[in-house]
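There are two complexes below, and they share chain A, which is joined by chain B in the first and by chain C in the second.
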Partner chain A sequence: MDQKGFIRADVREKVTGEARYGDDLVFSRMLYARAVHCPHPRARILKIDGKKAMEIPGVVGIYTAGDVPGLNQGPQDKPMLASEIANSAGDGVAVVAAETQEAADRGAALVEVAYEPLPAVLDPEEALASRPPVVLYQEDGLTDNVACRHRVVKGDVEKGFREAEVILERTYRTQRIQHSAIEADTAVAVPEKDGITVYCPCKFPYHIKARVAQGCGLAQNQVRIVQPAIGGSFGGKDIDIVVIAVRAATVALRTGRPCKMTWSREECMQEGSKRHPFRLTYRVGAMRDGRITAIKIDGVADAGAYRSRSLATIWRAAVEAAGPYEIPNVETDIRAAFTNNVYSDAVRGFGSPQVDFASESLIDELARELNMDPLALRRRNIVHEGSVNATGQVLTGVSIDRCLDRLEELFPLGEPSVTPEGKLRARGIACLHRGESYGAAARDADVAGTDVRAFADGSVGIYTSISEVGQGTHTAMAKICADVLGLPLEQVRVCPVDTAFVPDSGATAGSRGTISGGNAVRIAAESLRDILRGAAEGEEDVIFQDGWLCRKDGRRLMTFREAVQICQSRGVRTDAAGQWVAPRTGWDFEKHQGKTYYSFSYGAAGAEVEIDPVTGKVEVLDLLCLHDIGKIVNYPEACGQIAGGVAMALGYTLTEELESRDGVLKNKNFDTYLLPTAMDIHRLRAIPLEETAAENPLGVHGVGEASTALVAPAVANAIARASGARLRTLPFSLERVRSALEKEER
Partner chain B sequence: MKLEFILNDKPVSLEVEPDMTLLDLLRERLQMTGTKRSCGVGECGACTVIVDGEPVNACLYLAGQLPGRWVYTVEGLSKDGKLSALQQAFLDHHAVQCGFCTPGMLMSAKALLLKNPHPTEAEIRRALSGNLCRCTGYEAIVEAVGAAAERGSS
Partner chain C sequence: MEFLRPQALEEALSLLAEHPAYTILAGGTDVVVRRREGRLAPEGYLDVTLVPELREIWNGESIFVGAAVTCRELEESPILAAVCPLLAAAASTVGSPQIRSRATLGGNVANASPAADLIPALTAADAQVVIQGRQGTRRAALPDLIQGPGRCALEPGELILGVVLEPFRETARWSFDKIGRRNALAIARMNGAVVLEEEGGQMRNVRLCVGAAARRPVRFRGAEALLEGQNPDKDLFRRAGEAVSQAILEETGMRESSRYKLPVAVEFTARLLENAARRGQA
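Right after this comes the complex of A and B.
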């Protein structure tokens, strides 16, 4: 395995400050916009009075829902601007545009909105009760607040519980968190002669394009989405960007001037989408020898006020909830509720971090009940090659056994560590399976288009809409292309993402960037190679290496550049299209069974904690996270993906929680919403493994998300082993840890 | 007010409102967008610049405090298109992902190395603790700063 890797193409401009992000862009005659936000979780908008705001020098206009040129709100979707009723606190109700940001801010503060506060439903369980206080979308014909529901049914759980010698029931709760990309969400809309161009960071350019067209009442061929450098995504910068882009576009189309809208950090926190909070109740039955006979899972998630990507999140959660174990009888039922809380959407990992916290905590609780070693209990139940998982899928490419072997070797659970006076220390572990890419329930086809073009000077450009959000995927693609064409990496470049030129490659989501985008590049590069072979007429078995076309014996025939020029002089196009079409999956919505994802990836993690029982402070002294990612393209960047996911998960585990009072979020910035800092991480070992080549031509697995899912259960299990106290609610704040320790003492 | 200060070794003279933040001065007035805006309250460190040798959050620093001071921003790190040892270490150690926190990280690291050319890992972590990074988990950044310090000594 080449652990040295190679330096990314995009980083030089990022260390000099030359990289231009969305908020760095300035256009001639550009206006600045600021939104006015609803302060109530649910309210009727009676009147919007912009008179005072218009008196601020520099303010040029105030725009409301009626000014949005096209569709303002689809059924149960987040509106571009709330029209009659605002369904959550933070919803934008108006936009003020001005010559300067300062004037727009002052104007927005002076817009007077008359609201009639309406009864709201904030608790998802209450929202799903038989008689909920509020049904959010009655006018759409909905009779309840079920945003979506997914079930998995295998065998007969009641039979499995009758066979069981031990039955355990436990409830776990996860909190609302936010992506918290350091770059705030932003868009600049520039009106064109016959349409609009929007410069914005995003993870799915063709989705933004379709939704901006819809919002602006334009055809999709009139809308161009251009990506500047992107300051992080973590599953976000999708629907929030749609909303911001349409607001900016509304101003741009109404005024004929470019308009920038950058959310303040407070707006990101108040209005931006969040990770779904879950309540998960698990009932598990097992034999004394550790064999699990049945598992029954009931879950409720808070979708917030709008639908967004709840479906994909809840479906993934339902599919993965039983964990990487072969259990004969499974019943999972997870519902997401519409509430008047800020809406939930995809956050790095979709539903995995929530269910993995629950299922992997449960396994340790069961191990304790059975007086078994947690690793031995896992080994007793894990899936193997050919196992039938909870959804009835026969598994291939399974490597969790080897992940656990490596974990045991590198992070022995029982290893005694020196515990300082007055502190408690122990280790905990967790492991996972994770479905890759979109999965069977997705509405979008799992395909990725890519074009590869060779130019007369021998340089090659890749055209893809897989987005470089910071993960290094564009350099990985360039490497894949360069390897096929036998070129040095410097000769291949991924061109800027601009929907005027790049084909639709789908979303940079579900850890599919390198799998889908990379395989599409490979297909396109191979087609281009076949075209260029034509330049060496009469030669057979031409190979491409070191910038040359060569005979099989290595004798050089012509340079790559000469081959391109020869083809072009003959009128042959030197570009090729690649289309990656993911292997088929399918889901039976009646039987709640199916082939859910075309492949799964596996991983395992260990955490060593030190608890201060006086303060309740938990320090995670050592974190080891290993993921089998098949073929590794760029080793240090794969490590970076895992390390970053682990750090994000550490925040999820210990400090990050958006709290609200009466439906209004209390955390407004990073002073009260606490991300991990460099001081919170003591030792972090991120280890990508090349155990099993994934079942796609490149053999790559996704690496972006799985690492976000294992820290919480590993830390919970370590805390329990150190102190006996079991924490079942995230995050493990000082108060929660202290009170759990006190309960344990009693 | 008339403001004169030194920016990346060059004298600057301009007319500003004294309550303008250094961040707005850099980004809006001087179109130097390498210094990033993120939280606006001095918590994330994305706007870190060096003033008279000290790292400061440009979003909280006012133009009125600037006269006669020496200011360094990320744009001042490389000389004649050649990356500084610190910048090169960030590349070599894969310490950059999305890059949005990078300018602030570099300036905090630079301020540390100015004062303490041979910091321990704990000192590096402390010096960077005011700079939030959501991408890397900090490991690669801490390594890069350590490596730059070593290279500086050789």
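Right after this comes the complex of A and C.
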């Protein structure tokens, strides 16, 4: 395995500050926009009076829902601007455009909106009650607040529980968190002669394009999306960007001038999408020898006020909720509720961190109940090659057994101990299976287009809409292409993402960037290679290496550049299109069974904690996270991806939480929303493995998200082993830990 | 909005006399945040960080630490390391390296946050704040100066010049501790400092201050009295902790945070005292 890897193409400009992000862009005659936000969780908008705002020098206009040129709001979707009723606090109700950002800010503060506060429903359980206090979308014909519901049914759980010698029932709760990309969401809309160009960071350019076209009342061929450098996504920058882009575009189309809208950090926090909070109740039955006979899972997630990607998130949660175990009888039922909280959407992990916290905590609780070693109990139940999982899918490419072997070797559980200062130490573990890419319930076809073009000077450009959000995917794609064409990496470049030129590669989501984008670029590069072989007429078995076309024995025939020039002189195009079409999946919505994902990836993690029983402070002294990613394209980048996910998950585990009072978020900035700092991470070992090649031509698994799912349960299990106290609610704050320890003492 | 940046003490004082309503800026780690949140909109700012007299630490009969000395400088001062390591230790727990390079001693005092990290250390070190007003200088003990959250009893036109404190004696034993939700950039959930002298195995002149527990950091005289003249002892430390916890309850009443803070204060105080006593043995 080449552990040295190679340097990312975009790293220098980002480290030196030369990279240009969306908010760095300035256009001639550009306007600046600021939104006015609703302060109530649910309110009727009676009147919007912009008279005072218009008196501010530099303010050029105030725009409301009625000014949005196209569709302002699809059924249960986040509106571009709230029109009659705002369904959550923070919803934008108007946009002020001005010559300067300062004038726009002052104007926004002076827009007078008359609201009639309406009863709101903030608790998802209450929202799903048989008689909810509020049904959010009655006018759409909805009779309840169920945003979506997914079930998985296998065997007969009642029978499984009758057989069981031990039954446990436990409830776990996860909190609302956010992406926290350092780059705040932003868009610059520039009106064109016949359409609009929007410069914005995003993870799914063609989705933004379609939605901006819809919001602006334009055809999709009139909308162009250009990506500047992107300062992080973490699953975000999708629907939030749609909203911002359409607001900026509304101003641009109404005024004929470019318009920039950049959210302040406070706006990102108040209006931006969040990770779904979950309540998960597990009932598990097992034999004394550890064999699990049945598992029944009932879950409720808070979708917030709008639909977003709740469907895919809840579906993934339902599919993965029973864990990487072969259990004969499974019943999972997870519902997401519409509430008047800020809306939930995809956040790196997409449902996995929530259910993995619950299921992997549960396994340790069961191990304790059975007086079994946590690792042994896992080994007793994990899936193997050919196992049938909870959804009835026969599994291939299973490597969780080897992940656990490596974990045991590198991170033996050992015994709990007490330090001379009285601090409690122990290790805990967790493991996972994770479905790759969109899965069967997605509305988007799982395909990725990518073009590869060779130029007359021998350089090669890749055209893709897989987005470089900081994960190094563009450099990985260049490497894959360079390997096929036998070129040095420097000769291949991924061109800027601009929907005027790049094909639709789908979302950079579901950890699919390298799988889908990488395989698409490989297909395209292979086609291009076949075209260029034509330059060496009469030669058979031409191979491409070191920038040359060679005979099989290595004798050089011509340079890559010459081959391109020969083809071009003959009128042959030197470009090729690649289309990766993911293997078929399918879901039976009546039987609640199916082939959910075309492949699963596996991983395992260990955490060593030290708990201060006086303060309740938990230090995670050592974190080891290993993920089988099949084939590693760039080793240091794979390590970086895992380490980043682990750090993000540590915040989820210990400190991050968006708290609200009466439906209004209390955290307004990073002084009260506590991300982990470098000082909170002691030892972190990120280990990508090449155990089993994934079932795609490149053999790669995704690595973006799995690493966000294991820290919370591993830490919870370590805390329980160290202290006996079981924490079932995230995050493990000082107060929660201390209170759990007090209960344990009693 | 006017922004003034005097380069000498005389100039600073006359500008302040001219503009008593201006907000004094001494690093800005609190003021700038408040301004951004719209909670502060003065007519002008008087930035005192270029005034040389306020940037000094000197060791004469007493130690003087200037108001515009940054936390970073406190942390790294060889003088403080020798004569008041407690203050350096407290400064090292403030914010992050970037914050510590801007935040100042005078700013931390004037901001009067109940969770300020320097105030308990200064209080336990029995520091006197030196304040220059129109009529000359005065000195004030911190518990007299800090009257409540954000309430530092400075008259208009008054400027904190710095603090004076006595160098620790050979027999001094001290400790500082802080509970934060994370290991940097953390507002204290609780902090505390203790200084005592060990004479013939007995504790004397105990000065104990716990912060982020009441409306302002104060000395806990009841607990101090329990310890005075006694031998270091685990049970005694716990009783002192209970006295602190009781005093906090009496001052704050039951609050949302009391469920956590009252029991923690007992053990946190006990540990603070144990650490001070242990430092003596080393």
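Rule of thumb we're sticking to: the second predicted complex is superposed on the first by the 741 of 746 C-alpha atoms of A that agree within 3 Å, B and C clash if a C-alpha of one lies under 4 Å from a C-alpha of the other, contacts with A are read in each partner's own complex, and residues count from 1 in each chain.
The criterion applied here is as follows: a contact is a pair of C-beta atoms (placed from the backbone, for glycine too) under 8 Å apart; a residue touches a chain by one contact, two chains touch by 3 or more.
Being a predicted model, the structure only gives us computed values, none of them experimental.
Legend: residue contacts after superposition of the two complexes on their common chain; A:P636 is shown touching chain B, with no touch to chain C.
When both complexes are overlaid on chain A, the residue A:A678 reaches chain B and chain C alike.
By the touch criterion stated above, A:V614 is placed in contact with chain C alone, chain B being left untouched. Legend: residue contacts after superposition of the two complexes on their common chain; A:A127 is shown touching neither chain B nor chain C.
Look at A:I56: by the touch rule set out above, it reaches neither chain B nor chain C. More residues of chain A are touched by B (comparison of chain B with chain C). Contacts of A:R738 after superposition on the shared chain: chain C is touched, whereas chain B is not.
Residue contacts after overlaying the shared chain place A:C259 against neither chain B nor chain C. The interface of chain A with chain B overlaps its interface with chain C at residues 671, 677-679.
Listed in rising order, the residues of chain C touching chain A in the complex are 33, 96, 179, 181-187, 189-190, 259-260, 263-264, 267-268, 271. The part of chain A that touches chain C in the complex is made up of residues 614-617, 619, 654-655, 671, 674, 676-680, 733-735, 738-739, 742.
Looking at the complex, you find that chain A touches chain B at residues 5, 7-8, 10-12, 14-21, 23-24, 26, 179-184, 229-232, 234, 264-265, 469-472, 636-637, 639-640, 643-648, 669-671, 675, 677-679, 681, 684, 686.
Contact residues on chain B toward chain A in their complex (touch as defined above): 27, 31-41, 43-44, 46, 73-75, 77-78, 83, 87, 90-94, 96-103, 106, 124-126, 128-142.
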